[in-house]
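Chain naming follows the written order as A, B and C, and within any one chain the residues start at number 1.
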Amino acid sequence: MAFLTLEGIVKTYGTFRAIDGLNLEVRHGEFIALLGPSGCGKTTTLQSIAGFVQPTEGRIVLDGRDITHVRPEQRGLGIVFQSYALFPHMTVAQNISFGLEMRGVPKAERGKRVDEALDLVRLAGLGERYPKALSGGQRQRVAIARALAIRPNLLLLDEPMSNLDAKLREEMHIELRAIQRELGITTILVTHDQVEAMTMSDRIAVMQKGRIVQIDTPFEAYERPHSPFASAFLGKTNAFAGAVQLRNDRCCHVQVHDTLMHVPHEDRALGNDVNVYIRPEKIRLVALGSGRFPGRVRLRVFLGNLWLMAVESRLGLVHMTLPNLGTPPPEEGSEVGLDWSDDDLRLLDREVTHGQV
Amino acid sequence: MHKNGFFSMLFHALFVTFIVAPLVVVMAMAFTSKGYLSLPTEGLSLRWFRALADNQEMLDAFTLSIKLGLASATIAALLAIPAALAISRYDFPGRGAVTGFLLSPLMIPSVVLGIAFLRFFSLAQIGGSFWALTLTHVIVVLPYALRLTLASTIGLERDIEHAALSLGASRWTAFYRVVLPRIRTGVVGGWMLAFIQSFDELTMTVFVATPGTTTLPVAMYNQISQTIDPLITAVSTVLIVGTLLLMLILDRMVGLDRVLIGEGK
Amino acid sequence: MARYDAERVGVAPWLLSGPALLVFIALLLAPLLLTAVLSLNLFSDTDGVVPSYSLGNYLEVFKDDYFHEIFLRTGGMALAVTVLCVLLGIPETIIIARMAPRWRSLFLLVVLGPLLISVVVRTLGWAILLGNNGLINDALQALGITDQPVKMLFTQLGVVIALTHVLVPFMVIAVWATLQRLDLQVEWAGLSLGASRLTVFRRIILPQIMPGVLSGSIIVFALAASAFATPAIIGGRRLKVVATAAYDEFLGTLNWPLGAAIAMLLLLANLIIILGCSKLAERRFKQVFE
């Protein structure tokens, strides 16, 4: 039984359909990420759940109660806003206490719960500061504490990390994930950052043009994307355009330029225009003469933990990443061999309007 | 933010009525055909605008106010540009005091300024001339010119002038070709606001105006103090329409919100 | 702020601001000082200004009931105007801020535009509206609300109404400026924590726009207390305020030293209100805002 259900949600602004028939079922205690580019409707979806946006069609059911038309102040959800939306004229403690006060929690109890919330986000002792005296990371913790202090049964996170620098963001991903696990609170995260979505969530809902096009665990979504869009959005990939030449019950043979690629566990009609995909980290560099075919290193960039390579080959430019194992890979201009395992190839029908691959 | 509800819109309608009512009434009454103050219930008439065109006193006052506005706004702008550059570019001791001093006429009641100028002119024996009047207006309107010019010079990137110098421009060329175009809207906006303030100034001018230097607001005030007739509503209508036109130009060029709201005070 | 602090400062800023400073010293500072001196002189009907120095004029203003009444009336009316501007200006500014962008700029123009139209013209409009045979009285009588015209012209009520009209744009400007700095998501944050709309306004929005309301109130009060044209036209000869009283001493009875003393008191009161209240407000909000 789903804890939160979105049923056929549509939101139109004039002729623009911001949400276009969206369905989603979230289990109790689950962490779901709504992932997509700007304008895909993910924020509008979050705001519909929060009650700030009234859906044109559809139903929202939370814990068995239809909340589609419930006023936002009566939904009892915890929300962490992109700008944090801290009340600048109140201290940290007053900010956190505000929601409790609105619920008529007695004063002594409020103080206790404010302290608990501050402990939870590791800000004990900063209750008397004003928001402007805090760093960006601290402000975000206050926003989280304020949302959690009312003990909501659903936590909504609206791009909560977009105002933090990269290093702090990574720390907060882990920390927020730990808090969410500890409290077991059902959480929905809106983000355009695939790393954020993967680090924190149990399942990722990839959104495109107001719909969810795929919902899977991070690993499944990354390994088996259902569409070129999902494939591209969940990390870098190599795409080779071709047509199906041969098929049998175990695999498809796809002609890409003058090379035949064997894609197992796939079935397509003969002559279909398809793309063959392989992630950069799945390609191996081998000695010249061995592997599938030769190539020439065009680009070699050191990223610290990784080497980023581009190799010119019969398939065109092939992008790959190699872990930094201590020895630098061959220099730019070197002749090398390329290899991969056929199990790592993916096949998707070419979309008519696939701009980005 | 939330949308406005029914009561908000009702309040808004009443507020807007409150704001525009006196102006609309003045304009309506200017078109009466009667000899006394009344709404033009029997058709529109330009009678009082023709009367205005024949009223040499008002026309002279109007011309004087235009000249006064042009002269004082221009002098104020010429003084304000270098002052604004000094304030925004250099961190010199006394910077705050200089700024405060040059903006101080905003905090001095116009009546007090009028009295001070009157006393000064009577001692210095230079009252009653156009240029004496112009100088008093320069004092009153300079803060407006300075504020808008400052708003544009403070936001000015120091790098663009350095870039010009590094490309071989002289200091003057760098100012003329790079800095001035970047602060032009502020300067022009400040000039126009200064012109309007000078053109509308009454309280201070009432003290220093002489029969030979009666500005339009002073002439109108003198007239209204005696009697309100349709002629004065005709003058007002011309002023309202003229100001609206200037406002549109100002809005197009600088953005009226920037002129009026500026940095908030 | 991009300041050229790396450059040698030297005399450059003084050369640049010099012309404006010289004009201001000669034509602002000197006249004000001369007026301050004048306020210490005495006046006699036969000899005019007598060059002897005393605080006699100030004592006269402090002792005379006539001046007490004028100062109290001026302060009372300025206070009433300020309260009205707060009550009208805050809601209107918030309403405008909530409008769609094109309506917002249109109505901002409608509400603030009158600032650029001559005070004489705006006051004239109210003189016409408020008169015994004016439109408001015609309407009241036509609606049967009153039989007799309500006397509004030449009354404090009339002056307060007209001054509110003249000064309310300043309140809108001040509130608007703080409203622009407001993070709009705080409203949603308040709702999501369970606060009603009224509570959100009272506890979250209002405290944050308070600095704007305060600075707007200071401006409105100062301008209302020193207003001349509107009280002179709507209030008439008998309903005097400080500014018109000073005017009469100067151009009517020609007692310049007394007029100068009134002017100095007005200036002093003005500066105390503007600078004092601003300092107070600054200290109060410094902790919270920058």
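We take it that a contact is a pair of C-beta atoms (placed from the backbone, for glycine too) under 8 Å apart; a residue touches a chain by one contact, two chains touch by 3 or more.
Since this is a predicted model, take the numbers as computed values, not measurements.
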Pairwise touch network: line, ring, star, complete, or other: line
Inter-chain pair with the most contacting C-beta pairs: B-C
Averaged-CA centre spacing for the pair chain C and chain A, given as whole angstrom: 55
Whole-Å gap separating chain B and chain C, where each centre is the average of the chain's CA atoms: 17
Chain C residues counted as touching two or more neighbouring chains: 197
Complex contact set, residues of chain A against chain C: 50-52, 71-79, 81-83, 85-89, 98-99, 102-103, 130, 132, 146-147, 150
Residue numbers on chain C that touch chain A, as the complex places them: 183, 185-186, 188-197, 199, 203-204, 207-208, 210, 287-290
Chain C-facing residues of chain B, complex: 1-4, 8-9, 11-12, 15-16, 18-23, 25-26, 29, 37, 39, 79-80, 82-83, 85-92, 95, 98, 101-102, 104-105, 107-112, 115-120, 123, 135-136, 138-139, 142, 146, 154-158, 196, 199-200, 202-203, 206-207, 217, 220-221, 224-225, 228, 232-233, 236, 239-240, 243-244, 246-247, 251, 256-257, 260-261, 263-265
Interfacial residue positions of chain C with respect to chain B in the complex: 1-5, 7, 9, 12-17, 19-21, 23-24, 27-28, 30-32, 34-35, 38, 88, 91-92, 95-99, 105, 107-122, 124-129, 135, 162, 165, 168-169, 173-174, 176-178, 184, 187, 197, 212, 215, 219, 222, 225-226, 228-229, 232-233, 242-243, 246-247, 250-251, 256, 259-260, 263-264, 266-267, 270-271, 274-275
